[in-house]
Amino acid sequence: MWLFDEIVKFHITELEGQVNHMKYSYYPGCTLKTKAKELDRYGRLSAAKLGAELEEIENWQCCGAVYPQAEDEIATKLSAVRTLDAAKQKDQELVTLCSACHHVLKRVNDDMKNNEYVRTRANNYLKLDVPYEGETSVIHYLEMLRDRIGFDTLKAAVVNPLKGVKIAAYYGCLLLRPSGVMAFDDPENPTIIEDFIKAIGATPIKYSQRNECCGGYIAMEDKGAAQKRVDVILSSAKNAGADLIITACPLCMYNLDANATESVLPVKYFTELLADALGVKEED
Amino acid sequence: MSLTNTVTAEDLIRISGVDPSKCMQCGKCSGACPSYDEMEYHPHQFVAMVRKGQIEKLMASDAIYQCLSCFACLERCPRNVEPAKLIEAVRVAVIRQQGMNHMTANDIPEKLDEKLPQQAIVSAMRKYSK
Amino acid sequence: MQRIGVFVCWCGSNIAATVDVKAVAEAAKHEPGVVFSTDYQYMCSENGQAMIREAIKEHRLTGVVICSCSPRMHEATFRKTAVSAGLNPYMVEIANIREQCSWIHKDMAEGTEKAIILARAAIAKVHLNAPLVAGTSPVTKRALVIGGGIAGIQTALDIADAGFEVDIVEKAPTIGGRMAQLDKTFPTLDCSACILTPKMVDAAQHEKINIISYAELDSLSGFVGNFTAKIRKKARFIDETKCTGCGICTEKCPSRKGLNDFNMGLNTRGAVYIPFAQAIPNVAVIDSAQCIHFRTGKCGLCEKNCSAGAIKFDQKDEILEREYGAIVVATGFKPIDASAFNEYAYSDSPDVVTSLEFERIMNAAGPTKGKLVRPSDGKHPHEIVFIQCVGSRCTEDATKGKPYCSKICCMYTAKHAMLVREKYPDVKVHVFYIDARTPGKNFDEFYRRAVEQYDVDYIKGMVGKVSVEQDHLHVQGSDLINNEQIHINADMVVLATAIEPDPTARALGTMLTASMDTNDFFTEAHPKLRPVESPTAGVFLSGVAQGPKDIPETVAQAGAAAAKVIGLLCKNELTCNPCVAHANEALCNGCSQCERVCPYGAITYEDKEVRSPEFRGIKRIAVVNGAICQGCGACTVTCPSGAMDLKGFSNSQIMAEVDAICR
Amino acid sequence: MQEMIKERVLTLINEGAADRVLAWETGEFFYDRTPKFFDKNNVNDLKYDSFCGANVTKYLIAEMPKEGKTIVLVKPCDSYSLNQLCTEHRVNREKVYALGVGCRGKIDVEKLRTMGIKGITAITEEGDTLTVSTLYGEKKVARKDALLDKCLCCKGKEHKGVDEVIGDSEETSVGDKFEMVAKLEAMTPDERFEFWRGELSKCIRCNACRNVCPACSCIKCVFDNPKSGVDNKAAADDFEENMFHIIRAYHVAGRCTDCGECSRVCPQGIPLHLLNRKMIKDINELYGDYQAGAEIGQRHPLTDYTLSDDEPSVVHERGGANA
Amino acid sequence: MSVNQEWTPNIVAFCCNWCSYAGADLAGSGRMNYPANVKIIRIPCSCRLNPLFVLRAFQRGADGVILCGCHPGDCHYSTGNYYARRRMTMLFSMLDYLGIERGRTRVEWVSAAEGAKFAATMNDFVKTITDLGENKKLEDLRCKK
């Protein structure tokens, strides 16, 4: 860990003065500290290279991993509110990497902003000095790349363009839907990961199942159903000519990887390819 | 195990925040549903059956555990009915009852594999137990 | 002191069910000045009106209060009743105890109490009413029709046939509108162009019709009978008087990449083009954004090849100022942008088309010369899926779409399905529908023919997703009757997209001060009784600008709008609204504040000798032109001395109402 | 300066450029300066000194029907009122020769009294010091401490749109003129209500504020007009006290030049200018800075609009805690 | 504040003839309920509303006054509601400055097509005024029953 921080610092000092320096609050979430370390590590390394400083929220708690849709669920939303409030205290945008965490934080934030029932009750529970009312802006790492850093800047920073690699973007459901709240991209015809793939020099492969659900949430409960979904998605990507499929979600990663009945395509986190393209992967 | 408390359509409407009367029964939700073939009742039927007060059938059905929470129905609904919320409300109404947890901590070990991410466990516990 | 009669209407049970009408009539009796009070089942009926007339005469009434439905409904009726009994029409006041009382309240005691208060307010107002005499204003005997589709053309023809001049302002380079793009029309399947183009020619050749194409309304001032319009005739860079429509320029133009709007962008055209063969005027137009000459200063091939010398690169927009007595809005519609519905892969695949695009594909003059082929590869399709209600019937809180039924989609989809099956019996056709809505003469028979005779597969349910696969479109939808999710591998998908008002309508509505609904359709003055009139006097509605409708309905409404226009233009002068502002000479300071807020320029000032207790001598005073004043009252509030007041809605009348309500 | 003015006025009249002059004369007490018209015969009685706080422009209205041209002496602040009257056609600018006179702030004798100086017999000034002679001896007072309140928030010493200026002016403004308004805005509604009840309940409806106000120039005021429905001669209760002052402030909104005469003449010392100034502050904040009378022909903000004006609910939204 | 159980607020709604009065009629045709203590006075345009009328209403016992007109841009007379908007802003600000409760006055734009909005607006306004209680600060005791 010490070494890692040093590397980050090194990159920041190296880049200071060259790149517009940006600071964000960063929420990794539990899986990124365990099974999805590479999603996290490569994400941080790349961000540092791109001049974005990700300050991890102190003492963060698990977001709950699933957004409680029931209107009367308050307690299950509180840990997300604490995270959102922590970012508000620092007056920073909150960057997430895991699609599931992003989904939970973004939707709870929307509740705190627009749902008076949830807002009042959550604040009553939390007893913050100043009530939290949805002030924090929650953005996914990909949105940070697109809207804050810019894909053009990213493209310019690429040292190992992944030329000729045909990559299928797997969006899944959590980043896109419901679009009214997530406001991430066109929920039916998204382009952000394809644009990302182009920026790192690879070739995006469009396929029809990229925004269909892999069944990750029921993988434990009903492996068979999840397998069915995974096979449909992977074969769709494979038939479209992809060499590789990328995702931003540890749940999708696990599901696409572990529940495919036959191994047709390798699955990677987008941050791994990003780190590769930026030339920061080998340094770790 | 059996349901101890009666759940009414009004309860489900309150829990979900869904107004089933907005539905025009176009079936787009069920046309979009990736779990359609796994489910005994389909998203549009959840809406119709809540409207008609046929709650017990829904609560007894395995369909409530087959929903992937992928929000395709909710996203594509032309009338913003949000069937996914209604399905979750039925599931919540079931697991909130005594002894009705669909999954308990004891069920976990046998389902674990080395790659399984935490969030799969956390989310499953959140979804299937109280 | 007025002698006031109060007449309480039951409106059958509409009022009487929630308001004790007898109690209202009884309470009114005790109000000062009320010498007669009664109730009756239907005051607006002939018997009811006779009762009012008799009471006016018998009790020598000087004022009348009717407690009934909204004045917007029957104020005019009861004013006429008063006139026929010799009373000034402006001595009638209405207490709205239906729309604003009985219909919104459930409790009888509450409703009755409120009705009595509303009656008191009206009585208090009538005490201060004075007989008003309306002035007159002249009528310019020319009509302006905005929009040159079938609605505008039909309205213009009907008005012109009655002998009045009509200008059609069309924003496109040609008239014809959406109907010109259609292939066949339901339920008769006759050729759209064959029935439209003769009408276009009639309009062009009519001596009373003046077509101003490639033009838009810039501004409008005035009022019914006396509108002044500024019309911007956009530069088409072609001298219309010289161009013969030979089309040589369109062939010679080397810039070929412009999307052909007429063909819904399915193919391209030159920078100089004539939209379609039967265009009227049959004159070319240059798209300056595309034209090489405008971009680089070079080229000019069209100019070199035009033997008529009609190319005018230096042409500028031109503003025409014209006066009109009446205006008809016939701005039509456009299909909504289907890219909002990418679950149907509209943006992803050229083989997913909208119905209007499909119409062009099926049209003999279209991009494929009427041959049905897949846009992506030109191959013959074997299976086609039609999806109805794309973007129609969506709630306002949904992420996309329109709340209304677009009305024409069920029928044109049946038409498309039938035409495909007729021409290509090998093609399988599926139609996903929510409801098949076919009210109309021979409509349901038409739809049933598609099912029974042409074996079109109607599936009750909606498509959830269209996936673009390697060589086909995968359609996943629900079949509600069979309770199953079905999967179809189709070659083409046709989206019956909702229609919406033309995007220019909103700005036009503002310009005309004609009210619109939340969907930007123009509002009619009354949904049943005045369907072709806007609430703004002198503005009439024709076609889809008012709401979704098919061709026969559009033509019928166009004729109706024309009849209303003719009725207006036949008059030599119009009776003005006598509820206009006027300045009290003794009180007026001549300070000019009222002039500043008058939207009509109805106020001028003159130095006048005034003899009053407050002032003797010559002073500057405001003078209101009653023919121009529309009675908004802006001036009355700006006036600090209270010199400016509004007849019919005077300061004291409104305060009397306030007092009666707050009492 | 007074002599220079007299001389210039005489010249103008003798040259035929004007027929009379509207200025000040000495009234009942030595420090009273009341408006008066002079012709060349009595122009010698014209006074212009540090007591000439009164704004005389309103008197031109009645003069308009007369033949010939009137010279009017205007201090910088008065010039705004003159322009506003011309904008509203109450005064015909062509019949007026506006002679700007220099001003270094005018003296408020009441202020001296509140300092405890009694029995004043004469006041002389030298530089920044006033020497007040009283029955009980002489007192020295700093001139700036004896200025009228309105001079302490003077709009500036530039005459707007006058024909010529005689004499120099000195800046007298101190601080922010909206300070007190802001203070009131910061109070709770109940505190504000108490404040204004306390002030307005003192009103005796002497109409001095209305009569002096150059914007309140109606031939017949609505409050005097039995047909207006709101007429009343004397406020019978709290409502009518409020009503009169609300409507007065409202009628002059956008037209009030903030000359401060209303408060100056109020025998009860009600800070009426705070009502007008609130309207001015609102106008500035909501519709952009506006100074009534800055030039002739302006369109005032309440007879104007923009498509993107704030909704009236802005009143409810701002002010936060004091809702 | 009054704890009188009997008390219900008295509300005067000034509606422009072209949009809001028609919107109120539409609320009626749609049978959309709102409390009976709202009484509507028809005026030709929102710009006809003289501040004097508002004060008069309070004087005579109104507890709330609301003005409804066409949406900005849709005025039948083109510009009336723009003037009304400024006038009412200034009036409301003045009343607020005098310490009168801000909630007692309101302006809403309601089109002829917005029957539901009209009813919702009235319900909300009645609720606001009910919560505020009786108008005490701008009352004229002589006019009270």
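Order of writing sets the labels: A, B, C, D and E. Residues in every chain begin at 1.
In the analysis below, contacts are C-beta pairs under 8 Å (C-beta built on N, C-alpha and C of every residue); 3 or more make two chains touch, one makes a residue touch a chain.
Given the structure is predicted, the values throughout are model-derived calculations rather than measurements.
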* To do: Going chain by chain, each one touching the next, work out the least steps from chain B to chain E.
  => 2
* Asked: Tell me, which chains sit next to both chain A and chain E?
  -> C
* Asked: Chains in contact with chain B and with chain D: which ones?
  -> C
* B-C compared against D-E, more contacting pairs -> D-E
* **Taking each chain's C-alpha mean as its centre, the one farthest from chain B** => D
* To do: With centres defined as the mean of C-alpha atoms, identify the chain lying farthest from chain E.
  => A
* Structure fact -> Here the gap between chain A and chain D, centre to centre from mean Cα coordinates and rounded to Å, is 66
* Separation of mean Cα positions, chain C and chain A [Å, integer] -> 48
* To do: Between chain A and chain B, tell me the centre distance in angstrom, where each centre is the average of that chain's C-alpha atoms.
  => 26
* Structure fact -> chain C and chain D have mean C-alpha positions lying a whole-number Å distance apart equal to 54
* Specify, in ascending order, the residues of chain C that touch 2 or more different other chains. => 343, 399, 465, 597, 638, 651, 655
* So which bits of chain D are touching at least two other chains? -> 222, 229, 302-304
* Asked: Which residues belonging to chain B are in contact with no fewer than two other chains?
  -> 72, 75
* Taking all chains into account, which pairs touch? -> A-B, A-C, B-C, C-D, C-E, D-E
* Structure fact -> The residues of chain D that touch chain E in their complex are 184-185, 189-197, 222, 229-230, 236-240, 242-243, 246-247, 249-250, 253, 275, 278-279, 282-283, 286-287, 301-307, 309-316, 319, 323
* Asked: For chain C, which residues count as touching chain A in their complex?
  -> 339, 341-343, 345, 347-348, 399, 465, 467-470, 474
* Structure fact -> Contacts from chain A onto chain C in the complex sit at residues 178-180, 186, 188-189, 206, 208-209, 212, 236, 239-240
* Across the complex, what residues on chain A touch chain B? -> 29-31, 34-36, 62, 64-66, 68-73, 76, 98, 100-101, 172-173, 176-179, 187, 212-213, 215-222, 225, 229, 250-251, 253-254, 257-258
* To do: Name, in rising order, each residue of chain C that touches chain E in their complex.
  => 70-72, 96, 98-101, 103-107, 110-111, 113-114, 117-118, 121, 509-510, 513, 515-518, 523, 535-536, 579, 597, 599, 630-634, 636-638, 646, 649, 651, 654-655, 657-659, 661-663
